[in-house]
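Lettered A, B, C and D in written order, each chain numbered from 1.
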């Protein structure tokens, strides 16, 4: 399976030539062909890098949603050992859009929780395209409490178009489930490391994304709403999603500049989908480092630091104080 | 104060307001009955014919819930900024909209908070108002909610939050989103002190407000007929193609589905809240546990505005 | 509305005569009629007392189920002030078979939780005849936690044929809901006073009936299963319910003798239904006294005493120890 | 030990056993395949054709889960009494049934508990057995479960409980009912020490067992095809007139409805439990967190029976 995004085409064309040259060279290894393929390789790398350095916000959205981009289960298996998937909220159902369970990162047991969108159509349907039902958030809540009981750091991976907006979700208290998670994560007495690995939209992402450290993969997005939803609100037309993506400041560099996130995790050249195992390895060592550092902080301090961190976020004028900058992480 | 009758014809579908009729009369937003404006206002804008609860301003809420002259609004000087420089192509920028919104509504933001007494009980009260930017949760609203909880902690006051909101304010992007985490954390910190938090959900309470502080109350009270939910009806229908059955996402629907403790008419809210605060405060504030009005502490240095609203 | 149970008939006949005599006397107050009515009154009281002193277990079941017997809402209103009913489990629904909320008994705020069967047919159907769904137990759980948060003693009133056994109840984890309540009640750091006011059957009663003090009204029953269900198991025929009632030792005096309950609350002559307000007044002062006593016990002690109390219950032979008596409360 | 083949023809509906075939063969209780008895026993009584998990004895479970020769059964001398003097008119008394049951099953009660190691990890293991009085929860079972948790607390062992039960034992009346509270309290006390409790639900787990300790595990594992629920299928159909759909109340149904963490085949259970205990014990028992077998503590004074079961 190969997927070429519009803006990747210039690089893809070089790639096509490169592949042809490689084939030729294999059949007939002349010095000319060898030189040619070496040039093409360099061109491809340079062009890809140039494209990915200059991604527009809307292009970033495309990369964040790339069908071959690694997803939570890829990290659960590639980044962790001993992952045991836990199912169910003990109340109503097992939501497949959120997966989670204990696992190890660099030998250290953690509780891993993330949204998973699925790849094949059948799996995507089963997982509601990564839009969790209240059951998913309640399963996550159960796992957060289990993590606290057994003093396991929590690692969450965000990748969702948003919480599921169906009538059944409303009947079973989607808003209530989200709020309960925000409240619980705020006071969890274990380290919590949150990573946006793809698309992190709205309360549906945030409900597993409150923690001591908030990371974004380089080409992931984090937004108050999907660009389409924001466009529906602002332009009354979802077709303005690219414009919304521009306005929303949803890319990792923008959000780091606004001090709304703590850290950007670099992706391989050409994005995580170009080299999933390198991406997974990078995230593993990044998360392991974050956890190791947070584990030196006493639990009371961890909780009060986390409170202060969120307490400060926001931006307003106040006559009795200087105007606050956005975020002051 | 904002004109009670400013919502003009034609009535927008889903608008829970009422129509202006010259001078002394107002038309009920649900049953279309002509009502004598003064009587209607005295009945807290509840239609005597059909029980329709029209939307209230912040001043109306204060008058409904607090003891006369007890309201001290705090930090009324908080003003929104434009943290993202939100300038959507071909549409008014956030900065422009903020200017218009203030002129239209005569308000500086979508929430107020402060001290007051309710049946003599010291409370910290925060109120959201649909009249400014659809009551959306942005930095100023988030900050005021968080301060309302911190006021509760500092002065051992029960917290009451009256919600009315379209959700998170898109124009503040992630800065708005993160207010959900901030307010939920504040509610949680307040709860750790075992002080009571009474959440009142009014029409409409949606999105990021439903998904954060508004549903974290020790007791959740909803106003009759209020639309309450996470995804708004339009989003549900657009996304899923499902047509919502009549009455979906009303206060009564949420009661049936186990999400709110009671649906309480306006006229009964104050007495019920007082009763709840006394029941929940017995172990921490035994002295409050009488109907004798307690005196209100004064002198917090950062009081910015004090207004008696009747 | 008047309901005469079979075995009450001898007393009811006297009552009929008495009512007639009273009417005659009202019209024609002769000394003979006066003497007659005084005799009849005494006869009625004696006969009723004699009947109620010698109730068989199956007759006790009839009294426990008497349609005019006071139910939880009668106590909520008659025994308490300031009762505020709380609804919903915040997850799925509001179960009407369990009612609860904060209230005052003798001025002291408590959390009241009880099953309510209803009286009129429509209400009985709405309340599933007092058989709670998982939602009811989860609402109770929420209220127990609220009680702990606000340091309010918990008072529970049991009156149920058992937890609801429908397919939907199974789908939503009836067993899980019951178990969670048992576990939470076992470690609640506030006084818990439990009272069987009518029929307290099976795990459906127990899930709101674990506490520091376990009381039964004189003519209530407490059983591992309804007599009908036990008969279905033992005789393979529910018609043997009276025989099952005999065998199960489900009456208050039997259970007190077996040391499985702490106290019997006397009922008015002729049962609680003969004088509901007297019954309610008795229970009010009894519960208030129990709470006042328990409130002097520090929370740690309360929880460890409660653990020890349940830990000791049971009966077995053990070669290394003397045979244990049933219950050793 | 109880005869593996004692369940005789005709097969009772709902009986998840297997049929005796003279000597060397056994017939699968589900697909009716004839299986060579030794191979079938070596596969932990799982049918190689259809995956049917036939019921196991306590000895079978010990062999499945514990390291060879590590099992020390404790308090095997606990014997039931007849606390109510249960004598139902025209039916055998409890005393009579207890005598018959012991003769038939060759067991003294429906549960055993003790120490052992699982992949080198010290555990406290309790096992319920449908072979004695339908695995019902009475005083002896309740006491053994409670002691299993207390052993876990005293010796810092993870607790594993394998459930198989028809529910509370009617013949012990309220004494049986109250075992639900007692075992739930014990599980809760154990949990307060932050030690892991792994609950295994096997066919069938019903009634008072489902409604107490069995569903309080930090991780709940169910065996494929096991019937698990509160009200048994017969009670549901009798009480509500509802006909259960096929597959209702199976392990797979409970997984779908969010009630169990995983459905795990017998051959994978031991490895999964070991992995879970290590994951959950890292902060309290870092030393256990390797695959090196730990030595088992010895010398608890009240050991009554020690049996190596293979």
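Rule of thumb we're sticking to: a contact is a pair of C-beta atoms (placed from the backbone, for glycine too) under 8 Å apart; a residue touches a chain by one contact, two chains touch by 3 or more.
Computed from a predicted structure; not experimentally measured.
For this pair, subunit C with subunit D, the centres built from the Cα atoms lie 34 Å apart. Chain geometry summary: the mean Cα position of subunit B and that of subunit C are 42 Å apart. Rounded to whole angstrom, the centroid-to-centroid distance between subunit B and subunit D, based on C-alpha atoms, equals 54 Å. Shared interface positions of subunit B, defined as residues touching 2 or more other chains, are 191, 215, 257-259.
Residue positions of subunit C touching 2 or more other chains, listed in rising order: 90-92, 172-173, 176.
If each chain is drawn as a node and touching chains are joined, the picture fits none of the line, ring, star or complete shapes.
Those chain pairs judged to touch are A-B, A-C, A-D, B-C, C-D. Across the interface of their complex, subunit D is touched by residues 163, 165-167, 169-176, 178-180, 182-187, 202-203, 206-207, 210, 222-225, 229-230, 232-235, 240, 243-244, 246-250, 255, 258, 260, 306-307, 310-311, 313-320, 323-324, 326-327 of subunit C. Of all residues in subunit C, only 90-92, 134, 138, 172-173, 176 touch subunit A in the complex they form. Within the complex formed with subunit C, the residues of subunit D that make contact are 75, 77-81, 83-84, 86-91, 139-140, 142-143, 146, 168-182, 184-189, 192, 207-208, 210-216, 229-231, 235-236, 238-240, 242, 244-245, 248-249, 253, 257-259, 302, 304.
Here subunit D touches subunit A in the complex through residues 191, 194, 196, 215, 218-219, 255-262, 272, 275-276, 278-284, 289, going by the rule given at the top. Those residues of subunit C whose C-beta lies close enough to touch subunit B in the complex are 82, 84-94, 101-104, 108-109, 135, 139, 146, 149-152.
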